[in-house]
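The structure under discussion appears below in the form of C-alpha cells.
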C-alpha cells in the first residue's frame, strides 16, 4: 500500500549469492552516496558478503545473484524462495546463467572428468542456469553487472508497496534518448536492437557496441536482426559468438539458428 | 536587407553569449548534436544534420512535470524550470543558432501540437524564451528528402534565417520583430546588401529548386494511403513489419514526433517524489496496450503502418500540416535500413 | 466545458469519502475535492473522465460514474488490473489522491434530449453509462424511452446491483440483463448469452439513439446486430485507449487522426466507421 | 589421553564468495586443515577456448567483480604481448589511473568494511557507523572515489567498458578529469589520516615467515609494469612460471591452490609492501614510520595495514597522474594492428596480489589455450599453513573465540572466492 515506509517499518532484505563474480552485490555496496539513507528504511537481515551477523528468513525481498551450478545451489535457491515474499534475480547470471553458461554448449561432465581425472569426482558441475529454471522469480534485474540505480528504483517501489515495472523495449531507446551515434549503422555488431533496456546504453555511451548483457527483450525481432547483421557482412561465427556471451542460455538464444 | 560574412559569425555568437544562452550544432563522435556553447567558434554551421533535432530544447527527452509531497497534506507542485537550458539564469533568453529549414518546419508542427488546445506550459515556457536563427543547406544529403516534402525552404518560424549565397557570405532574412531587433543590436556584424548580392540570392534560390526538388511529390499521397490501408497492396506493410526491429529509434530522432510516457519516481523516504514525462515511440510493442493486456496495434506491421499514416496523412487531417519534414533522421537512424522516401515512392508506385 | 486548472498537468487533491465493494475486482469510490468551492464549482458531463493520480504509483483515466446532478461528490467504479488500480483498491476512506479534468467530450446530451434511447453495456462499460442513465432519470421528462441492455461474463460480475433493481422496478425504464455463462456455484435465473442476444428482444424504431460501451471486442458484434436498424449518426460508442495525459499531447490514445481523449471518448458510429483501427 | 576437537566454519562472512574451513585439533595442535571453497565452478579456461582475442578481456573481467579491471588489464596485456601490439603513453597512463581506481576501491572495501569491524568490535561496517560515523563516511567516500575513477576512465564501476586492445574506446573529458582531481585533493588528508588509524589498531601478535611474491618495481611502486619477484629468490622469469608455481587441486575444494618449492607463499598487499616499501611516497612513508610498524613484516594481519598504506600512496600518485594528464592534449586513438598467431603471458598486481594470464591464439586470433592463476589460489595454501602455525597460540580459548580468531585471519587475506573458482582448468578437446 501507499507509503509503506511510514506505515509498516523497515523492509526486511536479504542479499545472497550463488555462483558468479560477485559484481552485482558489489554494485549494492557501490551505492555509497545513498547507502546510509538506505539502511534507514531497509533492514539487512542476511548479507554475508558485508556483515557477520546474519539471520535466516522470512524476508520481504531477497536479491539473489549468481547462476545455479551445483546440486547444493539448487537446494539453496529453493530454500531462499520459500523464505522470500519477493525474489529478485540480481544480475545476468541469476537471470540467464551468465558467462559460465557458455560451457553448457559443450559436455560439462566430460569437461570436468578430463581435467580432474580421478580426484575431481568431488566437484559438482552442472550446466549453469538462471534461477528461474528452479524457482519462480518475481523481478529480473538484468545486466552484467546490474545498474545500481535500478537497485534503488526497485527498493523504493517495494517500499511504497508497488510492484516494480520491467521495461519492454530495447537498448536503442536509451541510446537515442542520450543522443549517442549509432554503432550498428557504422557496421559494428551492436546488440542494442534486441537487448533489454535499463542500462542507459552504457556501452554505446563510450563507443562500444552493446554486448547484449541484459538479454533479449520480450518482443525482439531476432530474425530480422540477424538478417541485417549478415547484410552488413558480419560473419556467421561472429554473430553466433556475440549471442553466446552473457545471455547465451536465455530461452530465445539457446537454440538460436544463425544460418 | 543585410548580409553577414562567414568569419564574423563566431564573433557575433561570442557577442550574443553576453546576453543570451546560445545553443548550436557541435561535433560529437563524428556526428553533430545541438548543445549549449560557450564560445562562438564551437557552433559548426556546416553540419549535415544533428542526431536529435532541436525539439529536445523545448521538449526535453525527460522532463519533470510535477513534484509531490505526501506528509500530512498531499501537495502537488508544477516543476516548470526543470530541463530548460538556462535553469539558473531564470528567464534568460536563448538563441538556437543554425537550425535547418526542415527543422523549422518541424518546430511549427510542434507548436501546433503543444500550443493549441490545452496549451502546454512546459513547452511554452521554453519556446517563448527562444530565438531561432536558421541556416540554409547548400546541398541535399543522400538521406534527406526535403525535396519530396517541400521543406527545403521556409517562410516563417524563425527570427533570422541565414541563406548562404557564397562560400563566405550569408544573406540574412528577417522573420520577426525580434529578429529585426537582433540586427539593430549587433550592427557591427552585418553589412548592407547590394543589387549584386540580391542577384546572387535569387540565383542561389533558383539553383536550389533544381538541386533539391524531387520528381516524386506528395500530392495525392493521403488519398493513395486511404486505399492502401488494407488493400491488396498491403504487402508493403507486411514487408516493413517483418523487417522492422521495433527499436523505436525512428520516432526518437524525429523532429515532429511528440509522444511521451509519464512515470512517477519516489524518494527513498517515500514522502516525496515527482512525475516526469519521457519520450515514447508508437513503434514500441506496448505503446497501445490497455489494461487487461489488449493491444490495439498488436503487430509490428500495424505499428509501422500507423507511424507512416500518422506522418503522411493523419497529421495533415488534424492540423493541416504534414507530420514529416523530410529531414532524413529516421533514415539515418533505422538499423533495419527502412527509409521513409522509399516507402513514399512505393506507395506512389514509382 | 470548464477545466479546473491552468496547468493541465497539475492534479488537485481530493479525499476519498466512501468505498463500496461491487464485485471481487471492482470497487466504487466516492471522492470530494478538498476545497468546498472547488467541489461546488466542479461540473462535468456524463461520459467524461478524470485523471486520477496516486503519487508514486502514477496516473490513470477513469470515467466518472456519478451524475453531474449530484454536486456534493463524484464517483469512480474501478477494476483492479494493475499498478494504479491496485493502489486505489488498497486506498482507505479519508485518504487523498490527485485529480485532473474533466476531460473528453462526454455523451452528446443535445442529440439525446427528447429522443428514445437504447443503452448497451458490456462489463465495465456500464460505469460511464451509469452516469448517463442516472442523469436521464434525474431529468426524466427531457428524454424519451429508455431501454438498457447489460451483459457480463458471469452473474457475480454484475455491478451496481441495488441500482439495477431500482431501474428494473421503474415503469419508465426497460432493463434486460444477461450473462455469458453461469459457472457452477453461482445462481442465476435470467438470460444466458452474450449481450447481442438481447438486441432482438427489445422493440426499437429507426430513430432510436444507441449508446454503447464495453470491452473492445464487443463493439464489432453489437454493431453488426444493429446494422441497418438505426441511423449511424445516432449510434454512440465510448471507446477505451491507453492514455498518459488525457489532453491530446502524449499520442497514446490516437485512433487514426482522432484522439480518444480530445475527440472522444464518445464517437458516433458515422464518425469512426471508416477510421482505421477504430473497431 | 589426547584431546580431539574439530572446528568448522561453515560459511565465511564478510568475504567475497562462499567458502568454509574445517580444522581438526589434537591437544590444541592443528592436525588437519581444509580451506574449502564451495562456490560453484565456472570453468572459464574451458569456455575461453574458441573465443576471439578481443572477447577475452571482457569475458575474463567476469571472473571477479571486485577486481574486474585487473583481469581486463592483465588480459589486454596478454593479448598485446601475444600479438606484439604497442600502446601509447596516454593509454599507459590512463590504464594506470583505472588500476588505481580499482586498488583504492578494493583495498578500502576490504580494510575498512570487511576487516576493520573485527578490530572495532562491530558485526559490519554499517553497524560501525553508529559509533564511528566519520570513519565510515571517509571510507565510503574513498571507495566512491575509486569507483568514480572507473566510471570516468572505464565507463562503469564494475566491468569497465572502454578498455580495448591497443587503447581506449573513449577518452575521458577534461572536465571529468578535473572533477576527479578535485575529489582526490579533497580526500587526500583523510586518506593519510587512515594510515594513522590503521597504524594504531591492535593486531594479533602472530608472525610466520613465508615466501612473499609480488611485482617488484624499480623506481616506482608498481602494479602493472614490473617483473615478478620473490622475497626468497629475487626476480622470477615470467615465461617459466610453471616451473616455480605449482598448481594443484585439493580434494576438498572447488578451487585450486598453489605452492612453490612444496610450500605455500603469499601474494597481495603485504608481499608488495615487503618487497617495495622503500618506494612508497615520502609523506606516507614518514606517517608509517611514526606508527612504529616496520616492513618487511611477517604478521599476516598487517595485510589490512599495507592496503591502507597503498591507498594513501595511490591517492598521491593519482594526483600526479591527473596533473600530468591535465598538461597533455588527450586524443582519441585508433591503434591498428594485425591479428596473428602467438602466445602471451602477463602478470599484474590485482588488489589481492599477483594475477597471471596466459593464452595461445591461432592465426585468426582464436583462443587455443588459456590459463589463469588468481591471487586467491596463490594464497590458499599459505592461509592453511598460517592456521596451523597460529592455532597453538589459541590454546585455552573457547571454540567460539577460536572460530572468531580464525575467521579474522582468513578475512585478513581478503580472499576473493569467485575469483578462485573459475580456475578449474580444463583442457577441453572437442572430440
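Per-chain residue numbering starts at 1, and chain names A, B, C and D are given in the order in which the chains are listed.
Simple rule for what comes next: contacts are C-beta pairs under 8 Å (C-beta built on N, C-alpha and C of every residue); 3 or more make two chains touch, one makes a residue touch a chain.
The structure displayed is predicted, hence computed values, not measured ones.
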Result of counting contacting C-beta pairs for A-B and A-D, higher pair: A-D
Subunit B and subunit D, separation of their C-alpha mean positions in angstrom: 51
Between subunit D and subunit A, distance of the C-alpha-averaged centres to the nearest whole Å: 25
Approximate Å spacing (C-alpha centroids) for the pair subunit A, subunit B: 37
Distance from the mean Cα position of subunit C to that of subunit B, given in whole angstrom: 39
Subunit B, residues touching no fewer than two other chains: 70, 266, 270
Subunit D residues counted as touching two or more neighbouring chains: none
Overlap residues in subunit A, where contacts from two or more other chains coincide: 2-3, 160, 207
Set of all touching chain pairs, with the criterion as stated earlier: A-B, A-C, A-D, B-C
Subunit A residues touching subunit D - in the complex, by the definition given at the top: 17-27, 29-30, 32-33, 35-36, 39, 44, 47-54, 66-70, 72-73, 98-100, 102-103, 106, 108, 111-112, 114-116, 119-120, 122-125, 128, 144-145, 148, 202-203, 205-208, 211, 238, 241, 245-246
In the complex with subunit C, residue positions of subunit A that touch it: 1-3, 160-163, 165
List of subunit C residues in touch with subunit A within their complex: 54-57, 83, 86-87, 90-91, 95
Complex interface listing, subunit D residues touching subunit A: 11-18, 38-44, 46-47, 51-52, 55, 58-59, 62-66, 68, 109, 113-114, 117, 123-127, 129, 136, 140-141, 143-144, 147, 155-159, 161-162, 164, 169-170, 249, 251-252, 254, 407, 416, 418-419, 421, 424-430
Subunit B residues within the subunit C interface of the complex: 65-66, 68, 70, 73-78, 113-114, 117-118, 120-122, 229, 258-264, 266, 270, 273, 275, 277, 280, 282, 287-292, 294, 296-297, 302, 306, 309-310, 313-315, 317-318
